[in-house]
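Just so it is clear, A, B, C, D and E label the chains in written order, and each chain counts residues from 1 on its own.
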Amino acid sequence: MEIGLILDRLKQQFGERIVGADLEAADPWIEIAPTALAEVARLLRDDPALRFDYLHCITGVDYVQPDAKKAKNFPWEVHFELLYHLSSMAHGHRLVLRVALPRWQGGVEGQLPEVRTVSDVWRTADWHEREVYDLSGVRFAGHPDLRRILCPEDWEGHPLRKDYKMAEEYHGIRTR
Amino acid sequence: MRERMIAEYLTTRYGLPGWLAYGGVALVQCLILLGIMMFAAALFTWMERKVAGRIQDRLGPTRVGGRFGWLQSVADGIKLLAKEDLIPKEADAVLFRLAPYISFCAAFCVYLVLPFSNGWVAQHLNVGVFFIVAVAGLEVFGVILGGYSSGSKWSLYGAMREAAQVVSYEVPLGLCVVIPVMVAGTLDLVAIGNMQRGWGVNWLVFHNPFLFITFFIYALCTVASTNRAPFDLAEAESELVAGFLTEYSGFRWSVFFMAEYGSMYAMSGLGSILFLGGWHGPIPVAEMLGLTYANHAVLGWLGDLLGACNFLFKAFLGVASMMWLRWTLPRLRIDQVMTTCLKYCVPLAAAMFVGTMLWTYALPGGLLPRSTPMGAVAEAPPWTAPRAARGE
Amino acid sequence: MPLLNQPVSLSHYLVVGAILFACGILCMATKRNAIGVLMGVELVLNGAAVNFVAFSAPFLRGDAELALGLDGHLMTLFVIVLAAAEAAVALAIALCYYNTHATIDVDEGDELRG
Amino acid sequence: MINWHTFFFMLFATITCAFAVAVVVSANVVRMAVCLIASLAAVTGLYFLAAADFVAAMQLMIYVGGTLVLLVFGVMLTARGPFVSMKITPANWLMAGLAGGALLILLLCAAVSVDAWKTAAVAESAAGREGGHTVARIGMALLGLRVDALEQPNPALRGGMAGYLLPFEIISVHLLVVLVGAAHLARARRTKKPIEPPSGTSRAA
Amino acid sequence: MAVERVDPELVEFDVRTDEMLINMGPQHPSTHGVLRLVLRTDGEVVSSVVPHIGYLHRCAEKIGENVSPRQWIPYTDRMDYLAGMNMNLGWAMTVEKLMGLEVSEKTRHVRVMVCELNRIASHLVAAGTYGLDLGSFTPFLYCFREREKILNLFEAVCGARLTYSYIVPGGLIADLPPGWLEACERCLSELEAVVPELHAVLTSNEIFIRRTAGVGVLSPEMAIDYGCSGPVLRGSGVKWDLRRDGQPSVAGMYEDYRFEVIAQAGGSYPRDQEYPPVPPAAVLGDCWHRFYVRMLEVVQSIGLVRQAMEKYRRSADAVSEPIKITQKLPRGEAYLETEAPKGQMGFLVIGDGTAIPWRVRARSSSFCNLSVLPEISRGCLLADIPAILGSLDIVLGEIDR
């Protein structure tokens, strides 16, 4: 299915909640509102014309420039973004789903942003969401087992956030 | 029996006190057997490396002790002795220390009644077969205790597997042992060996087709009961780290090892007596050369020596084929091991038992015409008969 | 203690049998562990078996013609076989007991329900 | 004058009794099993000395081998922390000791009561050498044929020497029944309790 | 396509034993590195498996945000360290996609050659260690002997035997040395003779079949749902190979090559080579099929290398030059997956106009392949755990990154 048709199909179903799209990019993407994620995901997977049965990857990207000197040239708005790379084995088409989130929930430092899990749609998401939670700090509501996966369970902070500062010590081990 | 002659000679000729003469002779016998067992273990550790190396397209040991690395076992031994001997904190220290020696003693006890040639046996029991099967089964205690007392879950798994496996395989093993015993009509190993004198067709394995099959079941059960690959589940290194050996190191570990090799050799020896003619080769060379007691005592002794070499070689072949199996086959799973035993070996062995029974009833004398030994029929020397038969 | 200075005779064996028997009784009485009790039974049976074997050996006693001979051996064999059977059943019961009570403490098994 | 028969008898008797006592004293089930093995194995030695070679081998194979592997198996299936050792009260010990001691004294008195039992008939040197030769005769006896009856000098006793075919058959059937029964008993009808999903924080040893 | 979960607790037990939690790893001999599995067992039966990963986490993505794409190449080597070439390729092509670079024909064929050789090497390790997991030591050494020859070839190409950094964004660090093609042909013909031996000691060995057939069955739906890829996916009968089905640049790399996707479809494997028959006990998606797919891919890759050598000889242009370390990346993002030996290795790069990427992401195939382990190993026996784990052929360096 043409990527434009996919966009039309989604717009027709979700209207306002499809926030944006770029169909000309190297990897065409559609941005949706965080509230629509679970429903969009389910539609993408189940609609016989779409059949996005394969979730490749979930990526959390932190857009903030902690260095004040470089901040004025910073090309993006400050926000946090989730990328879902999908494809369909049945139809052979690809799509990137984009979800923009606040860096902190309600703007309160330390409150992780929250989004609905898709691990009940694609089981791949189970471990990938854990990884995003662990390294980038996003809470996935409804995830069956949201624990850290790569870092130790008592690790502090989320290393792939741009403003992450590693603790000086971990259990008496100097870290730098 | 020979030892009693020597002891009596020592007392009468040199006036040694009886306890010293008998005790000394018994001690020497034990030392000889221990030596054989140790030597076998050392030889087999070296050989295992060589065989493994050759099968795997490598050379194996080449450096220690010259071209073939034949001192490798000595180097290994020294290394093992020098290693730190650890006892885990969770372990039951007494049992942990004791376990390897239990295994070793059980393996050693087999040698006490195993005849190496016509009458060359430390203790001539007329229930020899029975005794060996019983004692060989005791080796499992060391393994179970070692696994239990290590205080490690992997060891416990190894011990449980060993217990289940050995208890199951004792049944077909016992059945397989009983079949040649039934044909021979005696439990006396020396007598069983001597009745296969002459050409190779006299070997019990060729007695009838059922015995021929039984031999292979026996071989399978031997591999399983000595815990060798593909039945080495108790120490399956890819599953249980090292099974019951996980927490052992240094000397105690090597004692377990010696017990394993010792019992491999002993069970192969038992197999060669029960099925493959024991100390009688396929061609009665000793009798052709006139090395019999009928000609001269010394010649007879030389004939026995030839027989002993024959026996040792056959047992050695058995061990070598066990090694061949080990380095060729993947390991079975525990349920498959039990299935092999209970669904195939036991019924098959039982069928062979019935078959042999019917055969000996209907066609006494065997499949192939029994050859008579060359030349004069050499009577066994008087001391080979059990005591009571000699009317002492 | 004069027994210690005499050549081995039937009485020696009977003493060993008696000690085994008494140890078995003690074991059965003092162990709360079902398997411990089972081991006590094994000891008792073995004490009896020793006596049978001893009585059957003619050369151990002055009145050799009264020796049990093979009958003693056969009785011992039956004792051994029955002991093995008994061990299997007792072990099965112990396992079954453990399955329902999650313990093998025999003192815990006094309630009358399955 | 000590001879080999006496020496080995004393050795095996000491081991037997010492480990039997150890079975009673020891509190750990696995150690009890080990002591029992040692004790029963030493009894094997006593049987050999008493010229009962077939019985000795049977003892080694069935008792020491079979029964105890089963036993150790059972111990390990059920032995877990608190169940391995269970303490009992001193009062229990006292009662048991009294009963056991009384029995022991009674048996010991009986053991030394008959004079003929205290004198070995055969010369001591020969006693140790009289290797048993019982296999064939036991086999025949189990089939109902008492070949040893021919050796019995006393014709009055010869009459009582019946074969053992019927007991042998009964024992065989009994063993079969016992095996089936044991297998049936051990098959616990398990209540399928759901296994709670393991939490990630579980620390496994 | 929600996968129906089989109730793992439906296992009948004869004797109740105590449930035991045991720790398999991180120092266990058959967890293929520092993987820790917490097994909940009842006797020999494993009722649940919980993998714990991260023991080898080296913050590769964080490092990627601080170095330029060329500098990050050695870090990709250390992801799947058994297939460094394929890791290099994945990252190089992703950066090329972002920058819109094209490589020369000659470069393309060299890339195919080394990547397929590395696929062979990786599958040989998988086959050898799988034998080890099942208790058969000998095939391991046979496989490593052949792998050594391939490593010798790589050493001649780039000087390294494990961490090559040979394929870089823009091209290659060097052309093939003289005489290399002949050495490669020798290596391939020796390897061809060994494959039947491996089939004899492993694939068609009776014990091997009994240990692997019907064990750890992964249905095709479940495989797709869990994002499995590579031989794990194809072992379940899904005809999906990025060399054919991938993004245009990936599929384009193989466009004039003849090969078939190795997967059982319509009841049989593609008949482009001689191989032992599928045993009747094997179920599609079990350990045996996953192993079998790898073995067939070895032979197929030999053919691909041969084709690439032929095309390399015929191509007239030169090898492309790599980009500079200080080369600025355009603003934008690119995600690309390539078919690595273990599965689909994906890289994401987001450029912000400087030489250093804003965000780098590595999508690991072993990561997804491992995540099905709890699902397919419930209710199996303890001895099946190494068998299943080995058939997934994971590399912890890639999972933990």
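One rule holds in what follows: a contact is a pair of C-beta atoms (placed from the backbone, for glycine too) under 8 Å apart; a residue touches a chain by one contact, two chains touch by 3 or more.
Just so we're clear, the structure is a prediction, and the values are computed from it rather than from any experiment.
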- Highest contact count belongs to the pair C-D
- Task: Taking each chain's centre as the mean of its C-alpha atoms, give the chain farthest from subunit E.
- Result: C
- Item | Per-chain CA centroid nearest to the all-protein CA mean | B
- Task: Could you tell me the distance, in whole angstrom, between the mean C-alpha positions of subunit C and subunit D?
- Result: 6
- Query: Once you find the CA centre of subunit B and the CA centre of subunit E, what distance in Å lies between them?
  - Reply: 47
- Message: Could you work out how far the Cα centre of subunit A sits from that of subunit E, in whole Å?
- Response: 26
- Message: Just the number, please: Cα centre separation of subunit B and subunit C in whole Å.
- Response: 32
- Item | Where subunit E touches two or more other chains, by residue | 15-16, 22
- Query: subunit B: which residues touch two or more other chains?
  - Reply: 153, 160
- Can you tell me which residues of subunit A touch two or more of the remaining chains? none
- Message: Under the definition above, what is the set of subunit B residues touching subunit D in their complex?
- Response: 18-19, 22, 92, 94-95, 98, 125-127, 130-131, 133-135, 137-138, 140-141, 144-145, 148-149, 153, 156, 159-160, 163-164, 166-167, 170, 186-187, 386-389, 392
- Task: Flag every residue of subunit D that touches subunit C in the complex, lowest number first.
- Result: 3, 5-6, 9, 13, 16-17, 20-21, 23-24, 29, 32-33, 36, 39-40, 43, 46-47, 49-52, 54-55, 58-59, 62-63, 66-67, 70-71, 73-75, 77-78, 83, 86, 88, 92-93, 95-97, 99-101, 103-104, 107-108, 110-112, 114-122, 124, 126-127, 130, 134, 137-138, 141-142, 146, 148, 152-154, 157, 161, 164, 167, 171, 174-175, 178-179, 181-183, 185-186, 188, 190
- Query: What residues on subunit C touch subunit D, complex-wise?
  - Reply: 3, 6-27, 29-33, 35-36, 38-40, 42-43, 46, 49-50, 53-54, 56-66, 69-74, 76-78, 80-89, 91-96, 98-100, 103-105
- Which subunit E residues qualify as touching subunit B in the complex? 20, 22, 28-30, 43-44, 131-138, 141-142, 145, 201-202, 205, 207-208, 210-211, 381-386
- Item | Residues on subunit E engaged by subunit A in the complex (per definition of touch) | 1-3, 53-54, 57, 59, 61-62, 65, 97-98, 222, 224-227, 238, 240, 245, 247, 331-335, 337, 344, 346, 348, 350, 352-353, 358-359, 361, 363, 367-368, 371, 400-401
